[in-house]
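Input: structures, listed below.
Two complexes follow with subunit A in common, the first pairing it with subunit B and the second with subunit C.
Right after this comes the complex of A and B.
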């Protein structure tokens, strides 16, 4: 053990930097969350738990949290299903396979705000190509971003479009790394390609899928750029996710105290999810995921 | 009766043939490329041609792209700002994450494990959690709209990621190599700089790629902590769409041009990217 201690000095600089650069803002966040911080009126005063009490009564914030969860579940599921389809297709031999794979990666290479503005254009009700396409096919026009029931789904579609390549990349790499013998054995035993996928390939891919889906889950939970660029949470607050709602309260409404209390809640929710992930990664999945 | 049998056989043959594969290929390619295609057409069109499904010769123009390259809305300054912020962040993260990743990999003990776990948890914090205190801190330090202000806030998350990636990489280098060095009387630091570092090119490139991408595409902190001077590319692109008006051609042109560095990076570092996204589980 003592011999190991020398490595203490290797980790020390990074630990100190993290301690300062995360510790300081975290302390400040907790301090802010107990403050009335109104720069317009020049008032900064402690108000105890009042901000948290206000949050409890804020149904819009609650809705934003629930919407974020729905968003994450829908997007990650769709990412997985589409990504798996892409991986299975790209795994087949055909001419131009490498080019096809490169094309599939393109959406992931867009800067998120660039993907956001690109789709804001796509969704434009009058000049947007999506509605032009629908018109050309004599289908009814869709209010992609201006309908309060549809807006959040339209945003999800952008996220799915942009991040399916990530799932494709991981699953394809996983497929390529699998041993071929069990697959061939199953085929010789007369299993169809769907059965091979369901009962042989997917179970063998489980560790890869676990890590990829969990990391994507946590990443998607942070979503900000797409909804912010596409709708800023509108129309009428109907497409707010957690990040955009907190951001709006902080930087548009300038309620730094109240929004900090919301950020504390967001942090706790995220820590809960990471703990669940870590529990499974380090206990259940030990050996599988190391 | 015979007809249905024949139909069934025909369907079975169709499924076994290459037709479903090509159908899937076409659908997936259209789904992926359609936004790029129409976006590119509109970036190269006059007002009348924006949103067209097919390029129309009478509307085509390179005016807006020229505007981005050398006109009033030059893309170069924000691109350079992004480059500066990204490169400085990468450099600092590497200097700290290389020894730290090595330390966490070789120091097997309870303290080491708990601290490492803490890094891992911090990596998952949503950025919104700290943007409000950071905004007030950076404003208080008078670092608003400066490179330093932005880089300070970029370091912690990328550092956690870098330490995680580097530890995973160093775990794959066997102990025996260092034991040989230790027998020759080298100190831990000498072993690290002379034996381990030369072996870590792959790990370093994975960290560079991911810390780099995460800095290059970052939006929330950049839009909060920059004003005019150090505006980065993601902020520049989004700024063409305001609640009052959208300048479609500029916006789309900037969005597509801003992607070129990412495509080049991907082509250059495909293997490292695969290794990074799978957390080192698959050695590409």
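Right after this comes the complex of A and C.
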């Protein structure tokens, strides 16, 4: 195939598009990360590694990185567990199943910014419905977004609510595509529902699970809309993730060089964790189907 | 053949006519979602308002506007004909603008001195660089308070207040503006109105609610700095040094006192809910409009049309306004004023059309009609920078009495230097931590002062 020159001819347009749309911005990002770029004064000057050295001493950025990793693990895990549960339930025939599936889709239909605005109102401690419900149940009021220890968890809840339907869709499609004979054989052999799920269904579903979880894992690293709309990284910087902290430095402090360096670091962290995850996902997945 | 030629001639004629009648299009920057400019855009829907000129909006969220404008100007792209900005941005944008006075001088229908004299003096100064008027102010205001007028004027409430505190509940002056004599009186009124109305142990009516989140929370702090006499620029003195930096220990107590007041409202006096740290001014006004705050303050001229609408009055009653001058603690106390303006980009391809647009928007006639329409339709309100228009609007009740009265006081603004965004961010995050009770007023003073000093040192203002 490699000796066929037509191969290169056909892949060349795609390679050029990728080079322009992805390669050029990445190269520019690395270039900016070594510059002091003051847009206000029109000053661009090389400063070597100074931006990276500054990042190493920036505890807020380091906290944002750790918070992002926590965010990814918690959200993706919750998405998977809840999505799988819903898919297993929806896979059984019952009255109202289709309506159930339709209702499950609603959160995914909202654009993230709109969902963020909606939940900002929901979380309002004084007039929002959540605290009103807690009050009606004689439960203590919760400072959803105004507590520095709770804010990031409240944001994670929104992300889980919004994207569990996606996980449900993928896993449900996977369940529907599974061959029924192994499942029937297991039931005939006397296996209960849980054992069928644990020892037959899930192993067969593994390739689909790895694809769904991998995509969500990589996508969640880039989260921005929910934390920004809900808290703008506050209160007191306690809910900053990598993307919001970089945005703050780029577009509020107008430090393009420094924020480019942060973006390089964020990109390398995302790439590292995603690569590790994908390596285990696909070697494991290949092993199961071999 | 002949038919074909005839059709071609008719088509060519049509194209010529359409081309001749085509409006000149100008690209104008606008603050996305900003209700105060919506009325103007609605008026421009009538082609008779600005004949021959089509205005194309280029909208950006507030936080992104300056960056977007500066990028295009630095690149020389010519993307915008008319630039928009607060007064604090004008020194950054001014080098890229053709001074408005150049256009006015060339306009035989406008007298330059009359044009300049039509604006409030400080507002004119805010939009001038080295004495030359570069941009045109179009709308602005100061931070004011709203209070539930029916509650304050209830005879039973007044009697109960007098019985508890020994003096009368404050009432508005002849301009319809409520003034508290000092912070102590304000606190007593806030405490009086903070109450659990349904007996479930939770506060249902807060004495005072204001924004605490980042930007608008920071504005409340900056206003108090001006009222404490930190002249001329609150965050910097005339030597471009932080007034509460390491060289000025005599000012430390004042800043700590300002910080302590904000913190104590929540944690000591409990007249303000802790969740204000997540409130922008749109959240704070929602709490007020739901009747759960006896008093609230921020850049509230925006909502004057809304609070005077029949629906809101039916819900929470009439709204009165109060001045924040109870925070004044120095002879040189002033009010933090923000007046937005437009400037004509020097790389515009349509300078005359851009000028006609700015001239139309800033004229007294347009300002009057715009304010009236906004008030009657519940739109966004502002204080017109035109003195006559502002006085007329105040007399008609179209702008909050406290906004107009405050505009006649000493108005101040922040330092108009490129480092301003970073200077403001230096205290905003710390202010949130202060409201969360995570840092003390002393730590707030210390860390904000150090950060501001470091920013100015890094920027090369001094060693």
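Note that in this section the second predicted complex is superposed on the first by the 266 of 290 C-alpha atoms of A that agree within 3 Å, B and C clash if a C-alpha of one lies under 4 Å from a C-alpha of the other, contacts with A are read in each partner's own complex, and residues count from 1 in each chain.
The working rule: a contact is a pair of C-beta atoms (placed from the backbone, for glycine too) under 8 Å apart; a residue touches a chain by one contact, two chains touch by 3 or more.
What you see is a predicted model; the values in this text were computed from it and never measured.
Taken together in the superposed arrangement on subunit A, subunit B and subunit C clash. Of the two partner chains placed by the overlay, only subunit B lies in contact with A:94; subunit C stays clear of it. Of the two partner chains placed around the shared chain by superposition, subunit C is the only one that A:146 touches, whereas subunit B remains out of contact. In the superposition on chain A, contact is made by A:127 with both subunit B and subunit C.
Shared-chain residue A:251: touches subunit B and subunit C both. Residue contacts after overlaying the shared chain place A:237 against subunit C, while subunit B stays out of touching range.
With both complexes superposed, B is the one of subunit B and subunit C in contact with more subunit A residues. Touch criterion met: A:221 reaches subunit B, while subunit C stays clear of it. In the superposition on chain A, A:38 makes contact with subunit C only, while subunit B stays out of contact range.
Once chain A of one complex is fitted onto chain A of the other, the partner contacts of A:51 are absent, as it touches neither subunit B nor subunit C. In this superposition on chain A, the options for subunit C are 2-10, 56-64, 92-100 or 452-460, and subunit B clashes with just 56-64. Residue overlap on subunit A between the subunit B contacts of one complex and the subunit C contacts of the other covers 120, 124, 126-127, 232, 250-251. For subunit A in complex with subunit C, the residues that touch the partner chain are 38-42, 120, 123-127, 135, 141, 143, 145-148, 151, 231-232, 234-237, 248, 250-255. Residue ranges on subunit A touching subunit B, taken from their complex, read 1, 4-11, 13-15, 17-18, 21-22, 24-26, 28-29, 32, 85-86, 89, 92, 94, 100, 103-107, 109-122, 124, 126-129, 132-133, 136, 161, 166, 169-170, 173-174, 177, 207-208, 211-212, 215, 218, 221-222, 224-225, 228-229, 232, 242-243, 246-247, 250-251, 256, 259-260, 263-264, 266-267, 270-271, 273-275, 277-278, 289. Listing the residues of subunit B that touch subunit A in their complex gives 18, 21-22, 24-25, 28-29, 31-36, 38-39, 42, 50-53, 96-97, 99-100, 102-104, 106-109, 112, 115, 117, 119-122, 124-137, 152-153, 155-156, 159-160, 163, 188-189, 192, 216-217, 219-220, 224, 233-235, 237-238, 240-241, 243, 246, 248, 251-252, 254-256, 258-259, 262-263, 266, 273-274, 277-279, 281-282, 284. By the touch criterion stated above, subunit C contacts subunit A in their complex at residues 63-64, 66-67, 70-71, 74, 92, 200, 202, 206, 213-214, 273-278, 283, 286-287, 290, 292, 418, 421-422, 425, 429-430, 432-433, 435-436, 438.
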